[in-house]
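So, here come the structures, one by one.
The following pair of complexes shares a single chain, subunit A, combined with subunit B in the former and subunit C in the latter.
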Partner chain A sequence: MNIKKIVQHDEKSIYGVGFLSLSGFVVWDIDAKTGHINSRDVITHHQELSMNDLIVTESSVISLDRDGKNIVWISLNQQVLQIASIERHIPDGKGRPHLMEEHAGNIFVLKFKNQISLVNLGSSNVPELIQSLQDHSIVSLGIALPGGDKHALSVIQQVSEDKINVHIFMEEGDKIKVSSELVGSDIQRGFVKKAYLNAYTRNDRSHGFRVLVVAEDSSLSLLQQGEMVWNREDGLASIIEASTAELPLEKEGVSVARVEHSLLEWLKGHWLKLKTALMVASVEEAAAVQALRLKSTDKTKMSRDHNGFRKLLVVLTKTGKLYTLHTGDGRIVWSSFISGFRRSGGKLTMLKLLPWQVPHKHAMHENPVFLVAAKVASEENKFGLLAWVDAYSGMEINSVRLTYFIEQIIPLPLTDGAEQRLHIIIDDHANAHLFPATDESLQIFLEHAQSTYFYMTDKEKGTITGFAVKGPQTASPLSPSDGVLFRSQQLWTIMFPSDTERIVTTATRRVDEVVHTQAKILTNQDVLYKYLNKNTLFVATIAPSGAEAFGETSPEENWLVVYIIDTITGRILYRLKHSGMCGPVHAVFSENWIVYHYFNVRAHRFEYSVIEMYDRNRIDNKNMLQFMLGKDNATATLSSYSHVDLDVKTQSYFFSHSIKALTVTSTARGITGKQILVGSVGDQILALDKRFFDPRRTAEPTQAEKEDGIIPLTDAIPILPQFYLSHAYRVEGLRGIITVPAGLESTSLVFAYGVDLFYTHTAPSRIYDSLTGEFNYALLLITIFALLIAIIISWILSERKELKEKWK
Partner chain B sequence: MAISGVLSLLPIVVAVGFFTAAIPISGAGEYTIAGRIRHSRAEGLSGNKAPFKTLNIKVILNAGQRVAFVRPDGYFAFSGIPAGTHLLEVVAPGYFFSPVRVDVSARLNGQLQAFLTETRRVISEPLMFEPLREEEYFEKREPFSIMGLLKSPMGLMVGFMVMAVFLLPKLMENIDPEEMKRMQEEMRNSPAPSFGSLLQGRTS
Partner chain C sequence: MIASSPKSLDTMFSRSCKFLHLLVFLSVCAIIVSAFQSDELQEDDEDWGIVGAPVTTITNNNNNNIEQVTARTHRRSSQVSANEGSSVSSDSKVAFQLEHSFGDSSDFHVAGTFTARLRNSHHGGQTLTKLRLARNALTVEEEQAFQALIKEDGFYTVRVPANVLSPGQDMILSSVKARCLASVNLQERFEFYMEKGNIIAVGYGGSDCAYPRNLIYPSKWSFDSHIVMRSGEQASRTLIVENEAEVELGEDGQPKQPVEKTFWQKYWMYIVPLGFIIMNVMTQAANLPDEGAGQTGAPQRAASAGPRRR
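So, the complex of A and B:
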């Protein structure tokens, strides 16, 4: 049985059509109720047929011959093969045509290299050309009109970047009625990618049409009667990278927000608010009050606020469009395609969004700039693309096409005079290119070039390789489009045995993380020095057999091995093997600890493990005499080449959910405790206090340990429903969570993205540095007032009493 | 019967690939895991409790490998499952379901045995899943109570001050002015006032 297409002819029979050998059709007539085969007919053609072009309408089977010169069709009732020449009916079609899948009734579409042509195969049994459309055209699926057996099809033709022409082809008896409308479209949406047609009956029994259009930026728009009725920014459902930018400072005297216009409006606003408080307002008035409240609130101002809560969220989506959202209410401030990327051919993949220029000290009046990196892979070669975008206006400042492929982008801790951060881009030959390619940045970088190291992970081969940057090529010119080329030297390689271990996850510390205290002081006056080496890498590998089949493996074939590697020397600082565990593994690395999540095949439950690293080298600092004589090593520089003596503490706990994302809160100065943010499989965000993941937890903590804040050990991490940051909401399709430090030390801003977007604040140690919104100002004022009255009354009383005493 | 009813609705044009047995997915298997999700209390609309709507429930197999939705009567099924031990998680907003370990045995032709990992209970076919508990995402706001106000630190301070201002002078009033002068002299000579002398003063 070789059926390619199926159509229901009427209530009794279904036709299945396929190809028989190279030049014949086979039509199966199947009974709809019983599934029996009524008949099987073979119709052959004297020439070969094109195997890829076949459509079946209600009454005929249409195909092309192999060279694309003729249309070959069979009428299902008569089973007679008929041929028509394409050139005769459609003279101006160039190239080999193909039959498009979309058809409606007897209308079908032929796609040429330069145009698409709609053909009607009516009862006259001769294909007649309805219309040919040039330019970029998208055909919608054909639909059946309500109340009849007429069909309609629509074609969206992109006439120019901001105008589209909507053509509707409707069957009317034997003729096809064509109607076209010109609709303006937003240039920032890109070209139309898909269209869907819908019909409704108007009052006068004629048919009206609506077209739902999916644009290049994944946004949906509904077009009806020549205008766009609504549109949805669904491009935000495909966010891959997110970052934040600061808003501009509030200019003195000039308020960035719109000031309330006049006294009359202010009075009217208050009158409405009074009415709603007294419950006598009508529905419209209540809506107006709500709108007023939203407008005048501070949350939506376009300037920086004191606590650092108002920021701009810049997100990069898969379609190559950048959106900027305001954290106050989530509205889109601007959105635009990166035109430099769209012009390049080939398959475009977005890579990263990095802050390029954050105006601080020297360049206060400039706007922050973001660097967007993408890669293009076409048949000939692959190369990278960079673009610089202004964060306040969305304008593209510059874009370059690199001659190499981007493997990694490493932001350096160096900035040049204009507060632009230096970046080095590693290409697939392990060469480093410095951006911005100016003399000034070259000079700044050369001072530090000797101590620049990087590493590359190859998950397929199972190797991690470390490199050091050598000096620049003496003859390499300063090319602004390629960066300054630096060769690199391979220092070390770690190869994981591919038959027993496969790299599944790596994790490093955040680049901008701030650690407040380098030592942990216990209540028994003991000091534990944290091992704070910024160049450590956490690698988790699992047994290759467990990687694919989660549900079919046994505990004996699975193990999880974790490594902590120093990426400068390649030294493996710690290695731990868990037997009977398998992936998927998620890990987060912060300060001196790592928390990772994996699956325990033996107990068939998920588990968390925590690793904390302490440095034993610095424990000698307790000696007072040494400290006085200056022989202590408290100020010694931490070097990767020095002797490493680690004290590693680990612990594991059960956990009941599987997770999608794992990250940690971050604050401006690192003083506040941390919360581990978990994106659970139920699309909710769970905030677990780091104190649950403390390897010093014991089942019965002593008094000293309790003072330290150690929670008694249980075998599982408790999930209290109040830990859910996303309370009653679910962030549908959760993919990632990012955390950004706010200006206020106690708070961290959390943004989660997936199909839905979710933004909130979290305070891991409760808000200790500002009054919360719950503070009862009214009670305070009443108390002060009452106390004042009490003071006055008691003063009067005491005066009277004194007077009475004097008169005694 | 049902098939013809569905098919006779509209003329459907369906493009089918080749007629083969089943669409192969990763680890093609032949067994089915099916079960029913229900909640013993049909309502759940009081206060913050989320109503038990089967619309919002997803059943996730093997940490996201497969996702199934639930029919209005609570029935769900995964088909094409290979034999082995699988993990089922039921996700419903407002309710907590324990993850279930399901053993599909090849020898007994796809017989299922389910084991709740949180409560360590074994359930056998037909599988029925019930939530372990409801989840309240919001803390209850403390209702306003006068006793609570008095017990709070501010209330205690205010109460103590009121006592100091009004009650202590009443106590002091009963002492003669001469006794008062003697007490003050004593206090000037010796810094610590002794309650003994005060009492003595009263009885004398």
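So, the complex of A and C:
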């Protein structure tokens, strides 16, 4: 015996309703003011009841019997059990029905296998079928209308992919009023998932209704009077992956009229501009001119700019919808559901968004294409899904359903003739599948298959396992939908003892990272060679006890161990243990350094550490002249199997914040200095100069070190107001930051996402390769003119002088 | 181990007050019901007793502790003979097998035996020292397999148990291209990363391996093993710098404001060359008509000069 539902009936009484054993109802009548139980009634039925179906409407408690054949209800004021056959009252219902939670007044909803039926259980005490609705229908919660015992409920019925029918059921006394409106909906929003009804009073004092609907892509729309009043793309709050694409090249010879769509609009625009200039324009007209100006600025053009600031941001959301945003004004260029994914069934998890084809060299006029990967894990089977989407139109070029599960997708540093990047997909049996599955890509890959390695991290087991790709299965046919199958051979294992260490974070270098110089030349002419092996993995493990809540463990029970691992040979290149530290650990790996953030239990402060790796093997060719003449071994092919002698420098600093994200700026050629971008706990973005994270910092640097740009060592990383890249804004619910190089070497583009989106530029070493916006062109012109005049005057004077000389 | 016991006890005491209360209550109960005496073997008492810790109540509420204790007892029971007579040294011997495979990661065979001394470090953990490898001689089949591997540039894989104290299913693998070993005449190098008797990873390879790997067969078929034990470094504590150095701060303690430069200061390097270029162009333009006039004038002069000379 337990209470399943508590309902406030009126101001005086609260009803608690539950089941008694398997075939009885219990109804408590509780005084709302005193909590005193007025009565407790037990009504039993001769048959078993369905324990999952129980609702309390305005005047009755309704349930179904165990087989779902009959509606069983008791009226709250009469306390008499009544039964009605569903088959008799709802003849078109198929299968076993269930009671839906949503109800209004005396209207309740029965959900059958492929329809829902609205039933009224009014004062007549006989269930009356109001309407049965097929298709995909969503019922809103019922609402009570102000002034009287009126209740309403709405049902959103998806008639077709682009049309929805809004049914409103209003109970007025004993009568039920039904109204329906057909509303057009965007096919790219998917089906309606949830609906919320709201009532208002119309001009004629009657009741009007508006419905807020949540679509499959998590967007919100308000429907009223048969129209979509507004909608919000709230799906953008659940971004899981983001990437960028270049805009198309500007086409020459496009006339002004074509750009402005039509001559008429162009004339109208100019007329409006004239009006505003003469100050006779109305407020709306002024706004229209403002909008036109904004539209015509360079910032929002749909073409590539010289500095590479204008880009398309392609984002993948949790619901499986792709959006493309323009970096100029953040508008949505297109958004589309991947139809191949929607049909899959089962629980869909979005995995990755990868640039598949980047227009370049041979394929300059192709559109960029993205590869989207997802996986479906249902009870029966699990499999992967791939889709290729055009970045300019949002068109789905192709989508395949794989016969295997996706564990990992690795983009290879190889492209085929059409600039399509080669990818290998690792399935759950550690087999590799090559995409695109063409003869050409297979030929390209086979040249490098001997030296293709991959690794897999199992955080639960605490292992990292390395594999080598073994030649393709003989006579394996090219199957375009499943890729070319390659087996793999297990090469190495690293196993962190489960009782002392647990993997929390791994970090690798960006695949597309550009490093300008391999060496660091110090002021004393010494050369430090950066260890720039791309196959290096950073792993951080913490004590299992450290995973418990803060303050429950002592510093002695906490430690953080960081590893630098060569992923080809599985060798641990470096291991560093920090005692008394715990997670969460955030790490960023770039060039030859790693910066990571964790909590110091002993000092009760957050801390950063930096690791810089230098290659001691190459220290022999110290001579700078040799290095400049290229007479060193910098270009020799390195083997992972040769001995590595790392010179590792580390340093730690306190930091006052917990952080949410950590990344680093990236520039086109890697010459510019770096900034560490920190997503702070206050949802702001901090840009910290890499020079603060330099293990060569000392408390009192020498003059030579100062010339190298070494900042005196402090125990903490300072936070100055100008470090805030996000100014006063907060990127609510910040989850990730991505950086993209701009065309200008000095600048890096930053995109942060969470519930809010934020986009900005940053120049870690200031803008040194272009004139700033505040450049005074007028003064430059004046100077030039002054110079010109001076030249002319001096020329005239010299001419005169010469003439005088000649007359002498 | 000796040093560790009071420490761990301390933390246990502080963290299990409630439990102690319960224990006290239970012991009171035990006194009252003195007729009952538990015949349960107090394993940890015995164990702690051996290492000479003061006999105090040991609350066995910490899971980690139980594990450690059982691990110790397990080892003790098997290697107790090694300890007899030498109460100062708590060393014992361990042995575990090295297995290898030729290109097929499912087919492993015993290749040798590692022996080591297990030392209880004063931190409470155990460390392996004096690790030695006794390699079995390669059989004829193994030699052939190795040759085939060198020919196809395949991988030679070795593995050891992850837990050397009580070897289980978990294995640590490591591989190297067979040609790397062949090129250095089977001089192999093991680099063990260990943590309290667990092997985390083994770095295995030849002493060096240059790329491209040439097809060289070793002159002898016996391995020359070199073993390195590593446990990594301990991070130094964060420096507390006394003088709060002013980073990006001016003398007045305020963040240094960048001094606004004048237009000329900012852009003189653009303006000066531009001025030069303009000056150049102007003088060129001015010179052109001059030169043109000069050239046309020269023959005239020559022509007029000619007759005079005559």
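Keep this in mind: the second predicted complex is superposed on the first by the 727 of 808 C-alpha atoms of A that agree within 3 Å, B and C clash if a C-alpha of one lies under 4 Å from a C-alpha of the other, contacts with A are read in each partner's own complex, and residues count from 1 in each chain.
Throughout what follows, a residue touches a chain if its C-beta (ideal position, glycine included) is under 8 Å from a C-beta of that chain, and two chains touch if they have at least 3 such contacts.
Just so we're clear, the structure is a prediction, and the values are computed from it rather than from any experiment.
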item: Dominant contact partner of subunit A by residue count, subunit C or subunit B; value: C
item: Touching partner for A:Gly570 - first (subunit B), second (subunit C), both, neither; value: second
item: Touching partner for A:Thr714 - first (subunit B), second (subunit C), both, neither; value: second
item: First (subunit B), second (subunit C), both or neither touched by A:Glu366; value: neither
item: Which superposed partner A:Glu285 touches (first subunit B, second subunit C, both, neither); value: neither
item: Subunit B versus subunit C as contact partner of A:His643, first or second or both or neither; value: second
item: First (subunit B), second (subunit C), both or neither touched by A:Ala144; value: first
item: First, second, both or neither for A:Asp305, with subunit B first and subunit C second; value: neither
item: Touched partner set for A:Gly682, first subunit B, second subunit C, both or neither; value: first
item: Partner chain in contact with A:Ala32 - subunit B first, subunit C second, else both or neither; value: first
item: Subunit A residues contacted in one complex by subunit B, in the other by subunit C; value: 603, 721-722, 783
item: Contact set on subunit C toward subunit A in their complex; value: 7, 11, 64, 67, 103, 105, 153, 155, 157, 159, 162-163, 170-177, 180, 191, 193, 195-196, 198-201, 203, 205-213, 230-241, 243-245, 247-248, 255, 263, 267, 270-271, 274-275, 278-279, 282-283, 286
item: Contact set on subunit B toward subunit A in their complex; value: 4, 7-8, 10-16, 18-19, 26-27, 50, 56, 58, 60-65, 81-87, 89, 91-94, 96, 98-99, 101, 115, 117-118, 135-139, 154, 158, 165
item: Residues of subunit A touching subunit C in the complex; value: 450, 465, 468, 489-497, 499-501, 545, 554, 556-557, 561, 565, 569-572, 574-579, 600, 603, 607, 609, 637-639, 641-643, 650, 652-654, 692, 699, 711-715, 718, 720-722, 775-776, 779-780, 783-784, 787-788, 791-792, 795
item: Interface residues, subunit A side, partner subunit B - complex; value: 1-9, 11, 14, 32-33, 56-58, 101, 144, 548-553, 584, 599, 601, 603-606, 656-658, 660, 681-684, 719, 721-722, 724, 727-728, 730, 783, 794
